[in-house]
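For clarity, chains are labelled A, B, C and D in written order, and residue numbers in each chain start from 1.
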């Protein structure tokens, strides 16, 4: 296994200065990020912040007009961006797998569930009988607490939560060292969301995989991840362990995100602020990250940040005019 | 109802530049140009050439075009075996063919709009009746039935011909419009219009119709083209108008006289060229319109 | 006693398709007060019947049985002119801030249509003033948006303009059907804030339909929880969230993630699957 | 649907002669007499006809009798080749037509679908994608015009294909190499004109569907799984995009059958199309009616078959039905 060959000090995933453009839009503007073994990293931001684009770049799944302009992505010591063809295909799913956004169509509507999981396994590991393959799929379904009859069913016969479990089963089929979960529960109802999220964490722990959880729901992130990276307009503006980030957010945007999460534990007043997002089509400097406390990095030279660590709003933030 | 949080990969709020008008589509323009050329032949031709020469025995028999051996400048495109001048045939035949198509197109689109909107917007029983009728009309081999009808109706004119063909041409537009209306019925802005107290007629014509324009245009062109195809088919079987020199009838005569194997290419070739220009022109217009209606089909290498 | 603006009594809606009968609403009753203006929240997950309820109130679907009364009159029996009046008094904002705009027209038409149909203004100048006022309530200047095409608006503008459109009619009640579920967190606060201000400053009541109990808790006065078409929990927002009685309400509230990493989710599995 | 289509078409065909002025049989015979100057045994023909169709009976009984005759394949005698029975003439012609059409349609469907898929596939060579739109233009041209061009090119010009008939007169009909080779030789051009003329239709439809499903999440996931690109193309993209093609195939049977009458005629192909053309030229009403009814029947049957196969291809079919 490639996993064992890498040096122990090296993080599992290291992203260096990655730039992704969509036509004229600079979607990811020079991101550096690492993920350690066994870690769950939350990647948060609003739509258009570039979080999904970055996640897709790790899988090399950026499609035209998008393209990865520059940067390096090392996974298990292999530079993903310099691979291609068969090598890239081999790397996908064995080393890094994807749990797509839980929308209704992440499964092929005309293939049975069993076949869809099997073809992921077969594409990488052909040395097995039909029967053992079937057993393998059934045990995967069992791991995500799906009944065995799902094996022979079609996607349209399953509920949203069950489909998402199928996607989880598929993602862990080859025991990848990294799982990328792109808003895996955002299309689900909260009760189902909770059970699916728990299943996700459980299997991840059993496999000792790392995970990147892309999302916009700060409350969900607070419950699921070890460390959070906040993206804003194509850049990471703050990274910190989850407890540190919530108790001591530094960047104005992070503070705003946390302040505006509705909670059922306290009725707090609404915080109304509008951030003027920079024009994404013009080149802009990549903010430099500084360490404010161990493991807590903040983009300090960014216009939306200041050095205060209190929860008050910065004066430079724009407040919407009122009539 | 499921909540789907759309996570757009590309930023949603990029600079809002107004895109180049989708109607300025190359295919659309080339196609329109081709059809215009045929229209011009029909409109301007009679000013320069005597169309009475399209009658039988008005000219010498079996003349080739002027540039071939034996050709004459009196009949620049040659004549056929009963003494009709080919140029005159083309000039009077081309507009007749277009006219049939146009009538069929108009009838079909009007029926299509009425039935399609009723079925799609009102739904229920009306919808099932209209849908069944349209589906049946689409399955029936229309040309076969048309053949039977035409073989009965002897004294046939352009208009009669067009009406007969239109009997089967409305189903396509009806189905297309119904499908579009059905998908639009639950759209946000249609609900919004109802909330603003708009009447059903207002919703159909002011809210839905403008957004359906490219589809309607495509359906119209499709029906026109289908109408011409059916009419030319009937004419080529000898079932068209007898008194008007249509392109199809010219082909019928040419086939009956084995013109192809006799090497008289101008006899069947000229009407064929005109028809090909018409069909390809309409085809380009309709694919162009498809691209207008469905931007995803546009701009693919 | 407070004045009753809208009263839903024993609302039941069943659908028949291919021999099967499904009930979207089963005997739901609720009340929205007029004064003081109230934000009444209908919360529930997909399939709970909340959208059916909203559609019935807006007249998009007819109830199978039960009544919806507006200021004491059953809305099913309204005459044509009364219907128009009802439209003027009861407006709505929807979930999808994109689809509600007809791409064929400029923003201005949205307002012009209302002014014409409800005869809101005598002159052009008056109309202009009304539109400007409505837009100002949601913090937008007319010149910024009126002559634009829908696709040129930002996400935040879209939903706020819809609020302004509803406000133009000076309605008594706005049915807000998931108005924030498709917008980002920073815009969410902005839109919820507009709702609060319309309630407090203009006396407009809201029926806030949502799947998200935490925003309902944030701005709601009353909360009704629907489950499988039935009303299973109702009361003042504080009571419902802090002291739910029904088992499902407890489960629902317990499943909402808490935005605080130090309060861990109860990691016990709730039920087998989704 | 099958029964409804057949019934409706048959009724239209019954109604048309009723709407036309005069007694159809006398009119027909009169016309024949006018054309030929003299028709042998015309009086007997009128008698036989009148009796067979019970033209003196009430309309409703005539209608019932007509439907019964149609459904029992009892079409009476040919007017131009009395006393040959219409059923015999059709029975001789129909295998040719069905053979030609089935083969041509299947070739065109498969080729067009593959071409359309390749046009939308991102990995296809650029040259292919540049070249194909040109060939698509042929879709706009009617089959018989293509047929005329093919005859001009290959028969008159290059003289590499025979012009008329379904087989060479020197070949003995039967299951032998000479005969089969001859059938293929004669069938190539007619089939080619149908294939060229309809391939683009399939290609366009397929391309449209491929583009429609292009952004679907299951394709992204398939790529992420590291599957072989060809496997993705066939099991994921084509497998999903092809489904609406079958609905179109269903409808196309109706149009192709009608549209090939002229193709058969210009190639002198001994199928129902040529028979129909001759019947029309000779005003042979019984033959016309018989053939048209058979065409309707086969079309409706083809639609029925595709309808029955469809659920096997799309597991969601029961859902689709209730929503559309």
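Convention: contacts are C-beta pairs under 8 Å (C-beta built on N, C-alpha and C of every residue); 3 or more make two chains touch, one makes a residue touch a chain.
Small disclaimer: the values here were computed from a predicted structure and weren't measured.
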{"item": "Chain located farthest away, centre of chain B as origin (C-alpha)", "value": "A"}
{"item": "Per-chain Cα centre nearest the global Cα centre, belonging to chain", "value": "B"}
{"item": "For chain B paired with chain C, centre-to-centre distance based on mean C-alpha positions, whole Å", "value": "48"}
{"item": "Centroid distance [mean C-alpha coordinates] between chain D and chain A, Å", "value": "55"}
{"item": "Geometric centre distance via CA averages, chain B-chain A, whole Å", "value": "52"}
{"item": "Junction residues of chain A, two or more chains touched", "value": "47, 101, 103, 160, 216"}
{"item": "Shared-contact residues (touching 2 or more other chains) in chain B", "value": "2-3, 5-6, 12-13"}
{"item": "List of chain A residues in touch with chain D within their complex", "value": "59, 61, 88-94, 97-98, 100-101, 103, 105-111, 119-120, 123-124, 154, 156, 167, 170"}
{"item": "Chain C - residues contacting chain B, complex", "value": "46-47, 51, 58-60, 83-84, 87-88, 91-92, 94-96, 98-105, 110, 113-114, 117-118, 148-149, 151-155, 178, 181-182, 211"}
{"item": "Chain D residues touching chain B - in the complex, by the definition given at the top", "value": "1, 4-5, 8-9, 12-13, 16-17, 20, 120, 126, 129, 137, 139-142, 144-145, 148-149, 151-152, 155-156, 163, 204, 208, 211-212, 214, 250-251, 254-255, 257-259, 261-262, 265-266, 276-277, 280-281, 283, 285, 288-289, 291-292, 295-296, 299-300, 303, 324"}
{"item": "Contacting residues of chain B [partner chain C, same complex]", "value": "1-3, 5-6, 12-13, 16, 18, 187-189, 191-198, 207, 210-211"}
{"item": "In the complex, chain B residues that touch chain D", "value": "132, 135-136, 138-145, 147-149, 151-153, 182, 225, 229, 232-233, 236-239, 251, 255, 260-261, 263, 265, 268-269, 272, 275-276, 279-280, 282-284, 287, 290, 294, 296-297, 300-301"}
